[in-house]
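Read through the structures below before going on.
One chain, chain A, links the two complexes that follow: it is found with chain B in the first and with chain C in the second.
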Partner chain A sequence: MTILIDKTDRQETSKKQKYKKVAYYPGCALEGSAQPYDKSTRAVGKALGLELVEIKDWNCCGAMEVKNIDPEIQTYLSSRVLSDAQHKSKQDVVMAPCNGCYHNLKKAEYDLENKDKSRAVTEKISKKAGHETYKSGDVETIHALDWIKFGYGEDELKQKIKGGLKGLKVANYYGCMYTRPRHIFPEKDQGGDSESTSKPHYMDDLLAIAGAENVEFPLKTACCGGAHTLSDSDMSTKLVLNILEAAEAAGAEVIATECPTCHSGLEMHQIRALKRLSKDTNVKVVYFTQLLGMAMGLSPRKVGLHANISDSVGFMKQKGIA
Partner chain B sequence: MRSVAELEAFVETADPAVQAVQECLRAGEDILIHWLLAHDRDPTMDTKEGFRLLALQRQGSKGDPSFNACRETCRELAYHYNLVTMEPDHKDTQSRLSMAWMLAKHLVLFVGGKLQVAELGEFCCSSKGLRLKSETESELRM
Partner chain C sequence: MAIHEKSLIRPENITTHDNLIIDGIDVSGDWSTFIRTRVVSDYNENLEEEIAAMPGAEYIHRCWQCGSCTNSCTVNAENPDFNPRYWIYLIRMGMEDELLRDKDIIWQCVSCNKCTSACPRDVEPEGVMKATAHWMELKGHTAPSNSTIFDDIFTEQVIKYGRIEDGEVLKDFMKKSGQPLLQDWIVQMVKQMIKGLPVMSLMKMGWATIFHPKTKNWAKARDAINEHIAEEHAAQKKALGLESAE
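Here is the complex of A and B:
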């Protein structure tokens, strides 16, 4: 008897095996301002039996600052992270929960695949620094959303959670770097269960499994002015306030985030909007990993909820989630 | 056409309950036109998928990838325009209108912000260094 296996099923099985144990690249944000994101990511991974191997001796991805001085140096810095993951940590998948890191590793991958200059600069500095030169295609970069969605599997997650976020209205906010620019994310917009760059849905999918009621939120990829929070704070405050008000108008009680820059921007400008513009919003800002963790029965402290600037502990208790 | 200041005042003070969705769409078009004019470009009169707004956004993003940071906002605004105009008696019309207004507000703030600080949106979305006007040589000495 011939057993037909759907192509998508095969891909999912393969991802499930590949993502079970991955190199972890926290980046600087998750060691600092986004420490609750780091804590909840590790806690959720542990609860799901997914293994993280933190990259030894990882460095800055080049973030926004280096990229704006010399993008080739940013490509090199990201390539060193990928090289370390492959050669020192012996992994072929890197998981980066920070949108900035994820974006920059993807950009480096694209540049090294397509630009002679990027390859030449990276090779030269890698040799000088005394480590293996990273070659494009050797390592796959994924986001924490891919890791949980495919590494554990949605069907399995349904069994594990059983509607822990029931009754919670959530606006899923992805920010700009998760999907832009499109050309550095060749795996997206491929139909089937691939992610969409114009209407991302992986976070919606995971939180729906956890029982959340996802509201229609048309500003899910809108710019929060994150990079201008110091140079043009008022503009950032206005952009964030509009996002918060739109989430509330959509009926959301919580904005779920998956980017430390967006998250801290939403939290800080929510306070600033009240002080500077006398505009009060009450929507809570929570990392999606914190929501998933609590849906699985982890305590608020275990997922770092008390460490968020946006105080949602009382609210979560009131909702019976924490 | 309204000035940038008038547009900003419109999105800051307008009561979505009494604004027509056409006004939201026009505010979006106007701010894109301001941006194109500030860059010595003739704003297109073409439409894309029936919307001048989408054609203007596409025109603006040519040569400036950071402009793509408002692509989805424009598309969502067009979508909400369709929802409101095609189903005016729908029970959600008021909330759809409110959302269209907030989308217009984001567009005015974002593009208005780019008129003041051109780099707004460039850090995150364009993957292009501010000091590099085009895909030029790295400054690293080879």
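Here is the complex of A and C:
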């Protein structure tokens, strides 16, 4: 028993050291439609003294589309990001706040470890492109949730925040790509403080520390139809409406998000549901980093709240949060 | 395991007898055709092999028909006709005609990966759905779906620049899929986006539209990627006996 506790302690300490300074992979969405997520992630990191080294000349991870044209190209694209993090940015941890990027880097890690063809194609293209071939296991990919939870530490966060989100009812929405398929996340479902793929809780943990009242939300890992948000909009509107209505039924005032595709999907189809199906929902859609930032006393502008499509500025002021 | 016999109870396969008396017993009414002798002749014995040659369907042979995929499926919950378990069965049996009845909905898989997480045999049904939709387009059974049009536009941008600019993807997609850009909900969305947006963000967005985000030193990677995709697509066509179509 003693040995077990010692081991956990050591892991926590080493994560804290490892995550203090990490390679940052914002990805295309955070450079475009999800600028508020990028802004609030950087602001929270700064406020907590966590350092981000943005990967120089990063490329798209392949998102959800490239694999349908060719899966090995998707693996190559993600492997190039990992290679750059290691060789150009000289980091052995890369942090991606976007679920899609995070998922694809994890998927590339899995494919390079387990599939001969993925290794062969990645090596072939990396050589032709003139950069180091990424080898599985060289870099650890983490999400912004891991970065804050372990890099700063929950006890420290409690001291720092002192319940800034008190009285805010939040539905934590994790989406698909953070937990599925589970075989690409070997570190999850390992008991202890590891993340769960069926009932993820890292976002709940952080926002609870910030004082939020997390509601019992059954659709935490439901799909918003993000892959077809434009190509099959009617389906996406239905799926998003399920999520919005379930959150409201659970008593939530806010849906906290951790993925730009989910976030903009919820925002877009909340409007589309009103226009096309006359279904009006009022729950606000906010990135979890925006909530954490405001809980720490950062202004709404500092966390990009005004740039969200879902307008929550007035609401946050009324709640005394912004 | 007569799962495909489901076709025999479709309305068009029901026989109605208004006045049928056998051995003095009135058995009038609707009769499904299962009691008739019949021959199934539309097997394509290469169907499983052809679809398994498309990326994503490599593990279709592992399926033991437990139905975990359909049971967990996001799209199935909205449309019961969307049935991955059934389609995998038809593909493995070679029942092409029955599979083609659903050709216009298979592309609707949203890649949520619930099926792949739930599958006890690691079939990766999400990949099978993508492979099947891809096969249908290559064989000419369906026109490129909206999903394929989107994937193509997105991938083209990634290969060309190394990165995408989401405004441009949206614009190109609406144009190529024949949808008006100025739809009520998109206009409303843009209005809400611009309202309250700091000037810096607006400038950033404008800048990205004029000067497409690019990855530096990308040209060599671009050429190598294009070369690889051309090889793979030629191999796929060959697997379907379509090489002369080029």
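One rule holds for everything that comes next: the second predicted complex is superposed on the first by the 317 of 322 C-alpha atoms of A that agree within 3 Å, B and C clash if a C-alpha of one lies under 4 Å from a C-alpha of the other, contacts with A are read in each partner's own complex, and residues count from 1 in each chain.
In this text, a contact is a pair of C-beta atoms (placed from the backbone, for glycine too) under 8 Å apart; a residue touches a chain by one contact, two chains touch by 3 or more.
In this text the structure is predicted, and so the values were computed from the model without any measurement.
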Legend entry - Per-residue contact with chain A, leading partner among chain C and chain B: C
Inset, instruction - Have a look at where A:L157 lands relative to chain B and chain C in the superposition and call it first, second, both or neither. - result: neither
Inset, instruction - Have a look at where A:G225 lands relative to chain B and chain C in the superposition and call it first, second, both or neither. - result: both
Inset, instruction - Using the touch definition from the top, say if A:K128 reaches chain B (first), chain C (second), both or neither. - result: second
Inset, instruction - Please work out whether A:E245 is in contact with chain B alone, chain C alone, both, or neither, and reply first, second, both or neither. - result: first
Inset, instruction - Could you tell me if A:H306 is touching chain B, chain C, both of them or neither one (first, second, both, neither)? - result: second
Inset, instruction - Name the contact category of A:D70: first (chain B only), second (chain C only), both, or neither. - result: both
Legend entry - Contacts of A:G62 with chain B and chain C, given as first, second, both or neither: second
Inset, instruction - Quick one: classify A:E31 as touching chain B (first), chain C (second), both or neither. - result: second
Inset, instruction - Examine A:M268 and indicate which partner it touches, taking first as chain B and second as chain C; both and neither are also allowed. - result: second
Inset, instruction - Overlap the chain B and chain C contact sets on chain A and report the shared residues. - result: 64, 67-73, 121, 124-125, 176-177, 180-181, 222-223, 225-228, 231-232, 235, 238-239
Legend entry - Parts of chain A lying in touch with chain C, wherever the complex brings them together: 28-29, 31-33, 35, 57-60, 62-73, 76-77, 80, 121, 124-125, 128-130, 176-177, 179-183, 197, 222-223, 225-228, 230-232, 235-236, 238-239, 267-268, 271-272, 274-276, 301, 304, 306-307, 309-311, 313
Legend entry - Residue ranges of chain A in contact with chain B within the complex: 64, 67-73, 100, 103, 107, 117, 120-121, 124-125, 175-177, 180-181, 184, 198-199, 216, 218-219, 221-223, 225-228, 231-232, 235, 238-239, 242-243, 245-246, 249-250
Inset, instruction - Within their complex, state which residues of chain C touch chain A. - result: 55-56, 74-75, 78, 108, 110-114, 116-117, 122, 124, 126, 130, 134, 145-152, 154-155, 158, 162-167, 170, 173-174, 177, 184-185, 188-189, 192-193, 195-198, 201, 204-205, 208, 213, 215-218, 220-221, 223-225, 227-229, 232
Legend entry - Complex contact set, residues of chain B against chain A: 65, 68-73, 75-76, 79-80, 95, 98-99, 102-103, 105-106, 109-110, 113, 116-117, 119-121, 123-132, 137-140, 142
